[in-house]
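One structure is given here, and the rest of the page talks about it.
Chain naming follows the written order as A, B, C and D, and within any one chain the residues start at number 1.
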Amino acid sequence: MSMHGPIATHRSATGVPSGRLAIWWLLASEIFIFGGLVTCFVLFKLNGTPGFEDASLTSTAAGAINTFVLLTSSLSIVLAHAAIEKGDRVKSFRYIWYTIGGGVVFLGIKTYEYTGKIIHGHVITENLFWSFYYTMTGLHALHVIGGMVIMALISFDIRKGHNYQRVELIGIYWHFVDLVWIFLFPLLYIANF
Amino acid sequence: MSQAAAAVQTDTHAEHHEELSFLYKYILPVDHKIIGMQYIFTGMIMAIIGGYFAYAFRMQLAFPGELVPLYGLVGPGEYNMLVTNHGTIMIFWVAMPVLIAGFGNYLIPLMIGCDDMVFPRLNRLSYQIFLVSALVLIASFFVRGGGFGGAWTSYPPLSSVAEYSLTDWGASLWILAVALEFVSFLLGGINFVTTSMNARAPGMKMLDIPIAVWFIVVAVILFMASVGPLVAGAVMLFMDQRIGTTFFLPSGGGDPLLWQHLFWFFGHPEVYVVLLPTLGIVAEIITVFSRKKLFGYRTVLYTAFATGGLSFVVWAHHQFIAGIDPRMANVFTVTTVLISIPLAEMMFSYIATLYGGSIELKTPMLWALSFIAAFLIGGVTGIYLGASAMDVYFHDSYFVLAHFHYTFFPITIIGMFAALTYWFPKMFGRMMNETLGKIHFWGTFIPFNCIFLPLFFLGLAGQHRRIYNYEHFPDLATQELQNIRIFATVSLVVMLIFQLVFIYNFFVSMFKGKKAPNNPWNANTLEWTIPSPPQHGNFKDLPTVYRGPYEYSVPGREKDYWPQNEPPEEN
Amino acid sequence: MIEYFVENASSFAGDIDNLFLVITLIIGFWFFLTFGILVYFIVKFRRKDGVKAKYFAGEKHSETKWTHYPHYAVIAMDVVIIAVNIMVWVNIKQTLPPRDNLVRVIGQQWTWSFIHAGPDGELDTPDDVATVNDLHLKLGDTYHFELQSRDVLHNFAVPAFRLRQDAVPGRTISGWFKPTKTGTYDLQCAEMCGYGHGIMGAAVTVHSAESYETTMAQIQNGTYESHYQKRMGTKTSLPSNTSQVDEEGSFAVLLASIF
Amino acid sequence: MSEAYAHPNYIKIWFWLLGLLVISVAGPMLEIPALTIITAFGIAIVKAYLVAANFMHLKFEKKFIWYLLILSICLLGVFFFGVAPDVMMTDGDQWIDCIADKSCVEQRL
């Protein structure tokens, strides 16, 4: 690994490399952002706010397929990490692009879902449930897009042979995006009572 | 930037960066010291705007309906806009950038003995986002309808519906600016925490870290843990404003109280976020200028943890009478009053540090001691407001206003001046003028008390906040109360005039002051062991730390200080 | 102490004033003690040539007792404050004593509307009396109020009653008070409510029984003159109002000439 | 960057996750609300654990990362229980939800 930037970047008094430590702190603060939204959603849902019965209108099948896609992309990014640790740049590059492909499929299904809902008149202002639905999935989709862009940048980096540790970092982030979806899925698609 | 692998050796490493162009050195720096100063200067410019706003609306209060010199007529809408943005600017664009981001950036790597932040470019990015947020806020004053005027708490539905607030884009740009600012400090905060966890100098154990660094890190962690729900809330509020959702609008099933909870769940820890760095700075200064070891390092540290932890369970004391469940108020009263326990202990420890010391009243010490004195008033008056039944009378009155200015003014302004006067020699390599410094100190501290002490009595008289003109409230429109208002305003003008002394002193000393030695105050911490101002890369060789930061006047030593990196003497 | 500044005109005003006194005594004691010690230390331990500062870490019990013992005392006094406070709070906000009379208070940008229950003591009946910016109360009656808001948050605040309560749109918030002194007092809106927040005041008049009946009758037959407007008419003159003060003597003008 | 820890069998974990996904989708088909909650959220937590522990390597990470994440979630719990009495209990001793029982004054918007 090439050595550049300040020395501080490469010190590790805790035993966790700085990059990974920073990602964990980032995720801790992301937990609060998504957690805040989810908490508000749960508060309104448990309160029986009118409109929340619309959860039955969301397409469980689309949600389940999206969960499957994200889980699979999570697998491919972790395999990319495993490959790069063995020094296999080509394989790692390929797995990263599988992951990006997963993200594209996810966003495609999301778009299809949004379109269907909007055609049926379930726009963001219809009631609180749909407001939360679009806000939460939209914020999540923004994270997916951000992750994909960074992943693409990293993939070219590692093909040139530097910054291998970043595959692990983007992987942790991507798993977090996956985790958020794991909780959004039951909240928005399954729990329609 | 990307130097070859030879940079492993630190001494060569430092020299690589000498040939940076002006653009990369001062406009797009990665050096933590320059970024820190960018934050500090931006914060000071914003402080001037905030102070100007305070001047404008105080003049309107003292002389209602008259043209304010240098401003013009302050109407009701403008008055609301001025108080709202005065609060927002002073907290988010002065206290946060100067105390946390500015001094955090400047001090953390120097005090823990490393050459830069762990992620220098992330650091630069967070400053750039911060700058954009400041520009967005300033832009919001000039859109149609004017700047946002719904108080810095921006309670919906007032803030979420343009028909209510009459500031359609002002409100949206305001919340956008605040959200951008949060993002900037989240990124900066991650950097701070990682740096102080991972990049400490060899030998620096947890309890060898200077209190200032500890407290900045605790503050940043508090910030990161509390701001998330409000970021979510800001997204929701922004969508309420621009898209027409009804998260906070009761007619659409939403709940205005939810915003208050989201806001204060962040807003109360935020008080400690800005308080802790100043407390840390004060700890550094009082130990140096009384030549004493800090009384009870561990106690001070644990009280900070306790304060931070407690600050997450007190937020609803801002909402005692906002329509929340009255039974919850009892719980929050207990937790709120409990906060006095760690903070009292901390104050006692600071005062005990002075015992048996050898106190020299240099300008930084004056600021630090005046912080303790002023913060005592702010602290004890907080007990009134933590008590829910007192809040029935004091909510949104000038008593609240005087109380939090007695905490925020010492924290922000006094803390800033204390830190600036103390680290000025290190930052610019020159000494500030002591006489002018003392004139500025007394010219700020005395008028400060003259502004805010009378406001406690206005609060007792039942005067409520955010009113542009009291003539609609006959009980408050009496000559006696008006005299108090005029007195406070005159004091404010006097205080603002004395700031000119500081500005003069600051810039003249920066270029023409006496050359500063490496360690003008004979302090122990690592930043004083290197030249003033430090070169890029800070340390020629990474220091090794042998002892805690407060070993002053150790018996049996000739010198009364003992730098952290000085190897123990061989016997 | 508050009563030196504002009259206490409700049954629980005294409780709040007492609570204020209790807290003032406790924190006053601590403040002057701590402040005195701070000043004493600063004066006593000024730098003298040849005198070296003491060295102790403040970790041993013999040292920490100086901060810990006062600290225990702080805890004890906190308990006192909390106990007194909760008693007062439960009385004011958490319990509703049986009512003699009822009034609905409606806040909107930027006026207060009041619906007095009338002789039958029930709202939404034909004998209700509605007024704007003018609340009329009978001395000694225990009132319940129903607080509502048409648009944004408002705050129903009567300093003389030591009463404040937010009005939240979408909710009806109830509470009580019992006026104990006749007179006319300010009613404020103490929650930022937009452009006209500064003019959103009203008058609260506490009447004796017969005066109350006459006023109510006057309101119903239309011969009534609003107390609020009367007050605004008589007491609006602030000394520095542009219309009434000669320009030269004003401080703002003086300042303007300096700048 | 390679650290000496054995990589878990990612494919196996992935099959576990897919199995759990099928259960959580199938759960509501039994139409027992209590069971749905368990299959939906219980399984979400199990899935989250599997992903965090294996894919994110939390199994091999320092303990304080766990504490950090768990503390975040606990704080959210504090937030939830602090807010719940106000937002969820729209009727209480001193206030009622006047939108629900239509007793409100007419709202401007």
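One rule holds for everything that comes next: contacts are C-beta pairs under 8 Å (C-beta built on N, C-alpha and C of every residue); 3 or more make two chains touch, one makes a residue touch a chain.
Here the structure is a predicted model, which means the values were calculated and not measured.
Asker: If you take the chains that touch subunit C and keep only those that also touch subunit D, what is left?
Answerer: Expected: B.
Asker: Out of every possible chain pairing, name the one holding the most C-beta contact pairs.
Answerer: B-C
Asker: Compare the CA centroid of subunit A with every other chain's and tell me the farthest one.
Answerer: C
Asker: Report, in whole Å, the distance between the mean C-alpha point of subunit B and the mean C-alpha point of subunit D.
Answerer: A distance of 35 Å separates the two centres.
Asker: Could you tell me the distance, in whole angstrom, between the mean C-alpha positions of subunit A and subunit D?
Answerer: 15
Asker: In whole angstrom, what separates the CA-based centres of subunit B and subunit C?
Answerer: The computed centroid separation for subunit B versus subunit C comes out at 30 Å.
Asker: Where in subunit C do residues touch two or more of the other chains?
Answerer: Residues 93-94, 109, 151, 168-171, 173 of subunit C each touch two or more of the other chains.
Asker: Counting only residues that touch at least 2 other chains, which ones in subunit A make the list?
Answerer: Only 14, 16-17, 25, 28, 31-32, 35-36, 39, 43-44 qualify.
Asker: Show the residues in subunit B shared as contacts by 2 or more other chains, in ascending order.
Answerer: 157, 161, 164, 225, 229, 250-251, 253, 255, 257-258, 323, 326-327, in rising order.
Asker: Among the chains present, which pairs are found to touch?
Answerer: Taking the chains two at a time, the touching pairs are A-B, A-D, B-C, B-D, C-D.
Asker: Which residues of subunit B touch subunit C once you look at their complex with the stated criterion?
Answerer: Going by the criterion above, the answer is residues 59, 62-70, 76-77, 79-80, 149-151, 153, 155-158, 161, 164-166, 250-251, 255-257, 290-299, 321-323, 326-327, 329-330, 333-334, 337-338, 340-341, 344-345, 347-349, 351-361, 369, 372-373, 376-377, 380-381, 383-384, 387-393, 395-397, 457, 460-462, 464-477, 479, 482, 486, 490, 493, 552-555, 560.
Asker: Quick one: which bits of subunit C touch subunit B in the complex? Just the residue numbers, please.
Answerer: Spelled out, the residues of subunit C in touch with subunit B are 1-2, 4-6, 15-16, 19-20, 23, 26-27, 30-31, 34-35, 37-38, 41-42, 45-48, 51-59, 63-64, 66-68, 70-71, 74-75, 78, 81-82, 85-86, 88-90, 92-94, 109, 151-153, 155, 157, 159-160, 162-171, 173, 185-186, 188-201, 231-232, 234-236, 238-242, 250-253, 255-256, 259.
Asker: If you look only at subunit A, which of its residues touch subunit D in the complex?
Answerer: Result: residues 1, 14-17, 24-25, 27-28, 31-32, 35-36, 39, 42-44, 46-47, 60, 64, 67-68, 71-72, 74-75, 78-79, 82, 85, 164-165, 168, 171-172, 175-176, 178-179, 182-183, 185-186, 190-193 of subunit A touch subunit D.
Asker: For subunit A, which residues count as touching subunit B in their complex?
Answerer: Counting only subunit A, the residues touching subunit B are 2-9, 11-14, 16-18, 21-22, 25-26, 28-37, 39-40, 43-44, 49-51, 124-125, 127-128, 131, 135, 139.
Asker: Spell out the residues on subunit D that touch subunit C in their complex, using ranges where they run on.
Answerer: Within the complex, subunit D touches subunit C at residues 90, 93-99, 103-109.
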